[in-house]
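Chains: A, B, C, D and E, in written order; residue numbering restarts at 1 for each.
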Amino acid sequence: MALAVLVLWYGGALWLNGPQAAEALTRSGTGWGTADLIRQAFAMKRPVLPTPDQVAVDLWNSLTGHPVTSIRNLLYHTAVTAGSALTGFAMGVVLGVALAAGIVQVRTLESSLLPWIIASQTIPILAIAPMIVVILGNMGFTGLLPKAVISMYLCFFPITVGMVKGLRSADPLALDLMRTYSATTRQTFRLLRLPAALPFLFASLKIAVAASVVGAIVGELPTGGQAGLGARLLSGSYYGQTVQIWSALVMSAVLSVALVAAVGAAERLFVRAGRGGAR
Amino acid sequence: MSRTTPMSPAPLVMLVAPLLPIAWQGGAPVYLPQSPAALACFAVSLGALLLRGTVRGSLAEAVLLLAGVVAAFAAPVLLIGQGLALAQAPGVWVHLAGGVLLLWRVLALVAPLDGAGRLAGPALFGLALVALWEILTRGFEVPAVLLPPPSAILAALAANAADLWDDFRQTVLKSVLRGYLIGCGAGFAVAILADRVPALARGLLPLGNLASAIPVVGIAPIMVMWFGFDWQSKAAVIVVMTFFPMLINTLAGLSSAERIQLDLMRSYGAGYWRTLVLLRLPSALPFLFNGLKINSTLALIGAIVAEFFGTPVVGMGFRISTQVARMNLDVVWASIAVAALTGSLLYGALALAERRATSWHPSFRKR
Amino acid sequence: MAPDRPAAGRSVPEPARPIVDVRHLTLTYQTADKPVYALSDVSLTIGKGDFISLIGPSGCGKTTLMRVVADLEQPTSGEVTVNGMTPEQARLKRAYGYVFQAPALYPWRTVERNVMLPLEIMGLPRAERKARAAEQLRNVGLAGFEKKFPWQLSGGMQQRVSIARALAFEPELLLMDEPFGALDEITRDHLNLQLTQLWRRTRKTCIFVTHSIAEAVFLSTRIVVMSPRPGRILDVIDCDLPAERTLDIRETPEFAALAHRVRDGLKEGHSYDD
Amino acid sequence: MAPDRPAAGRSVPEPARPIVDVRHLTLTYQTADKPVYALSDVSLTIGKGDFISLIGPSGCGKTTLMRVVADLEQPTSGEVTVNGMTPEQARLKRAYGYVFQAPALYPWRTVERNVMLPLEIMGLPRAERKARAAEQLRNVGLAGFEKKFPWQLSGGMQQRVSIARALAFEPELLLMDEPFGALDEITRDHLNLQLTQLWRRTRKTCIFVTHSIAEAVFLSTRIVVMSPRPGRILDVIDCDLPAERTLDIRETPEFAALAHRVRDGLKEGHSYDD
Amino acid sequence: ADKVTLQLKWVTQAQFAGYYVAAEKGFYKEAGLDVTIKAGGPDINPTQVIAAGGADVIVDWMPSALATREKGVPLVNIAQIFQTSGMMLTCRKDANIASPKDFKGNTLGVWFAGNEYPFLSWMSRLGYSTSGANPDVKVLKQGFNVDPLLQKQAACISTMTYNEYWQIIEAGVKPEELVVFKYQDQGVATLEDGLYTTEKQLADPKTVEKLARFVKASAKGWEYAAKNQAEAVDIVLAADASGAQTKEHQTTMMQEVAKLLEGSKKGTGYLDPADFDRTVEVLLSGASAPVISRKPEGAYSHAVFDAAAKL
């Protein structure tokens, strides 16, 4: 599988870099053959699509070439991004669950709030991210918080949508049982709705934690050349350092996947009693 | 359940209003009795509160209180209209706060309505939000380059209607719809594939996750590089963005069938596909809709964000990014409004379809 | 068959204070195609300490009636009071213990924690919860299964967990919807005995749905026979067997006579169908 | 109590070709705390056209045994053949009709479409499916409820839909797990009669779980009495009542004698517990 | 020390070397200032930041500043650092472009975000339509890098003398394969990096004095940077929090930026009113939608520069 991907990748690199490589060869005069072309396409300084080995070498250099605390170490930037992503994720979980709880429990909220939460998500963050950064910056919040807020903005929504569905998915008979106990709204929530919503919640959390990384990176874009994977992407993009972009992309993907896997592990921990049901 | 829950006394905060200045004129405070317009508004709000006990039925009460709310919102508008400064005038803000709290009660009263009345809640809430925005930006004189008032946005919407329509065609009709369909379709198909061929899933899923975990802002420039400046690159971004949520939700949905239901299919000797079509997909529908709904908003964001990274000179993202730099925030917000409206309609349509297709699900059956 | 037949029921020797008073209750379910008339003009008075069995054909509205009493369903017309209050008020006072027709266990809780659920809600201390759960599980023959999850139990065992759960918190009014339906005769007899002993000791008011005529006669102070849909009350039969009952009582002619009367009532109703 | 007791069963007058052959079947469920021994060395041979009732205390392994036969559970040790094939092969040949202990209806399908589900899988034409569903629903007394959804039915009605669904496609081997548990006596008698008539007409092989001794005696050619957990076979009782049975047969002394023997068998097993 | 917050227009790079040098070499401190330098980015609009009160001084381009001024944020130029424009249009020779009259029928990449006005003004001067169904030149909203040219998606793209042009060269394209059109040479140049503040700040003489010290120290930084380019590049690289900048590229940038500082009549930071007038004229002559609708009044002030000169 991985092999197939590698082959595809190299093929793609040849396909995309080919024209420019050919041009470069022609420019240098003298005749050239297919082997030269391939060599050239796989070793370009500014490839359209860098080859896996170029990315791997760059990754290796930027991970090991400097101490971990150095701004030239990619791990440092990954940690910066992870920090704001996780902060935003935590805030998003709180906000998302709170909104979902409100919507499920308070009828007034359901009918009036939900459509506007949805509308809020159709606002492109890239457009308002700078405003958030500027406004929070004036209120004295710089650094982590604005980025975390943008992360939160992106990740609370899947949680709210999933949780609303999940909280409503409790078996009607089980809800009736709670009614006969005259359980308080809170008790019903904690003892029934919440556990019943867990499968939905975790599906949403996985999406949300991936979104939180995107949010953190988006938050790093307007703040420009500062620390974080977003800043690396940005400057790589400005200065045409394609390999550096890909390294940052790979790191962000690895970060997301790691976070999603962590949520998956939490899921296995919390939702141990699987589905069995009647026989 | 019980219709006659008592009203919270919170809206009574507005009684403080007469004690505080309601505006400033040339360095001197203006009090309530000095402004007939504000006085009239206050009287209406107060009257609505006091007469509440005399009307019967929740709808009548809602209408009466709504009059009070409208008056509370009207007061600052009138005062601004007279050219008064409100920023340091607590009186009018207290009155407004009372109005907002009163609105909460109105929303609670209209919440149980059915049919067309279902729209009353969100509509009132939205109107109030917009009105508050207008009043606060103008009352506190927020610079238009930071946040323009809705009236300016509306004007920009009208003035730029032709451009905005072109943007809509480019972004929504060309990029979003295609990208959304392909992305959701691919996520769904791969989920099925992963479910059917676990070996393939073990190889493919981590890669799929990895690919989908790349942030939009990283993907967009690459897609522009690969697929050119036109809608194709935007659709590609959307495909990548919507793939993962659909995949995750489909997988969760496919595992949501109950054991005994699966056993039944087994006892019929039903094969994989039959079980899929007759049991696992229907029971996955709530999850599928969950994914579709989340994706509907993601697709729109994806297209707009991708347009930040290079487009022909049309598209919502193009409009927003260029107008931000030109400080035409009113046009920016007009574009955002179009995007929000589109997204909400898309979402609403999906929610309606969901209600139709999964009316059996407990979440629709019972509250 | 006359709907005012329950008047007879009200003139029971023991003039108990009415705990449940149902008057002219009608309930129609609105469905997509056509409405279902579940209950039609049902009137019934249940005194404190009564043990009432509801018996009637499948789908006649027994569950619906219990659900109305428990404030889980709103009547279309008619009135219901529980302890002089509305069902809602009674529910808020936690007057009900309800054993549903299906076990309704929470799959993410172990057997023990399912039984402790109401106790948790009522706010009992931890040790007490554990002790009570253990006791009730022992009573229904499930000691040793505390740590299992519901889906690891057989159908009858799940049913018994649900009974244990309802008994654990000693409610004022016990509503039991075919609690012993999925149990073998021996286990059932055993639980029948336990239930009458419990009832004799505590004199809780019980409303009990069963399809077993013998069980109804053995347990009840009064048996309410219902007609097929739309459910009406056909007959209210006083069970004047001695309060102190052992299983042997089922061999007596009085028992047989009562059982016969119930069966006749049921048959009468069924003549509609086949 | 000796595990080779079933040998007696095999020497039934009618030397039927074995349809189900269970040999030294043991099944242990592995759970988080400690294993549950559900079945222990069960051997049983069921001939073609047999009507076997399984009877035994709650939790003794009846459902587990049926599930093994239906290839829904894998034995820990021992062998099972169905029609000379493995249970899996038989399942893939669509030999089974299984009425689960719980109704297992699909909430997104109407009653009618639930009954048509197996017919759809077997590939019957549309008109035929509709006709069969209508017929089966009429048989179980649910005409008029075709368009309702499962959650709009009473417990007993759901159970009857599930019976209709299993009967609709006329399987080779009918596995029924307490199908009539949630029904009133009259409806139950009616369905009992229908079932024996069906069986007499088609001579399908049936394995039937019930807690009603009378029902077991009335329906079966053989009754298998099981011990409490771990389930073993205590007794296999031949029911040599005439094949043509009406409800009156229950009043005969032969019937009473058989019922007595079953009850004794059951009691004997229970002595372990209480 | 007096606090001053400076908002840059772009990410940390040699384009802003003077400020970083002034900070690093202690010029600000000597002037009794405590200066915070906020890096910018593509989506940080310095005018928005100053309108919201997040900065005292911003580095901005004049078209953007004048447009904002018309929107009601009274920005004032207090010093003009870059004397000449670094913007140009870079074309591929193999697209058969030798002079502006060859643009017709080609695709041109342009930065939007306010930078398109000089371009549009230029095109209208050349008599080319840029919009409609069949425009004479097809305009592409160019992203942040030079890929459209390398991949032949556009015949020409916008570049800065100190940045993008060298990226094309670094990608392996030979200078002789390119044709460049400097806005400066085409007579459509507008003023670029300058220092702006608000009228409100200038109303307070104390603030004017503080800003004077700031402008003087900044100018000193720039002069130092122009003279000691290698050192300046190291300072910039150290200030870059993303750690992604390359020394090679920044060195070239520093060289080119230094050229833009030259030509001032009264020393670094002096705004020549003639340049201002030319900028305004270009902006007003924009084809259909000019950036500004009327000649701005009071959009620049020599008060700070003069005060700085007296220090």
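Definition applied: contacts are C-beta pairs under 8 Å (C-beta built on N, C-alpha and C of every residue); 3 or more make two chains touch, one makes a residue touch a chain.
In this text, all values refer to a predicted model and were calculated from it rather than measured experimentally.
Note on connectivity: the fewest steps through touching chains from subunit C to subunit E is 2. Counting only chains that touch, the fewest steps needed to get from subunit A to subunit E is 1.
Distance between Cα centroids is largest for the pairing of subunit B with D.
Remark: among chain pairs B-D and A-C, A-C carries the greater number of C-beta contacts.
The distance from the centre of subunit B to the centre of subunit E, each centre being the mean of the chain's C-alpha atoms, comes to 38 Å. In whole angstrom, the spacing between the mean C-alpha positions of subunit A and subunit B is 22.
Each chain gets one centre point, the mean of its Cα atoms, and the points for subunit A and subunit D are 53 Å apart. In this assembly, the C-alpha centroid of subunit C lies 28 Å from the C-alpha centroid of subunit D.
Looking at subunit E, residues 43, 45, 48, 52, 143-145, 147, 151 sit in touch with two or more other chains. Each of residues 48, 126, 130-131, 134-135, 171-172, 221, 237, 275-279 in subunit A touches at least two other chains. Looking at subunit B, residues 146, 221, 225, 258-260, 263, 321, 324, 361, 365 sit in touch with two or more other chains.
Note for the complex: subunit E touches subunit B at residues 43, 45, 47-48, 51-52, 64, 67-68, 71-73, 112-114, 116, 131, 138-145, 147-148, 151, 153, 291. Against subunit B, in their complex, subunit D makes its touches with residues 67, 70-72, 91-98, 100, 102, 104, 106-109, 117-118, 120-122, 149, 151, 175. Interface of subunit D with subunit C (complex): residues 29, 31-33, 36, 55-60, 62-64, 101-102, 141, 147-148, 152-157, 159-160, 177-178, 181-188, 190, 211-213, 263, 266-267, 270, 273-274. If you check the complex, the residues on subunit E that touch subunit A are 10-13, 39-45, 48-49, 52-54, 143-147, 150-151, 167, 170-172, 174, 177, 240-246, 249. Looking at the complex, you find that subunit A touches subunit B at residues 1-2, 5, 16, 48-49, 107-108, 110-116, 118-128, 130-131, 134-135, 157-158, 161-162, 165, 168-172, 175, 199-200, 202-204, 206-207, 210, 213-214, 217-218, 221, 230, 233, 237, 245, 248-249, 252-257, 260, 275-279.
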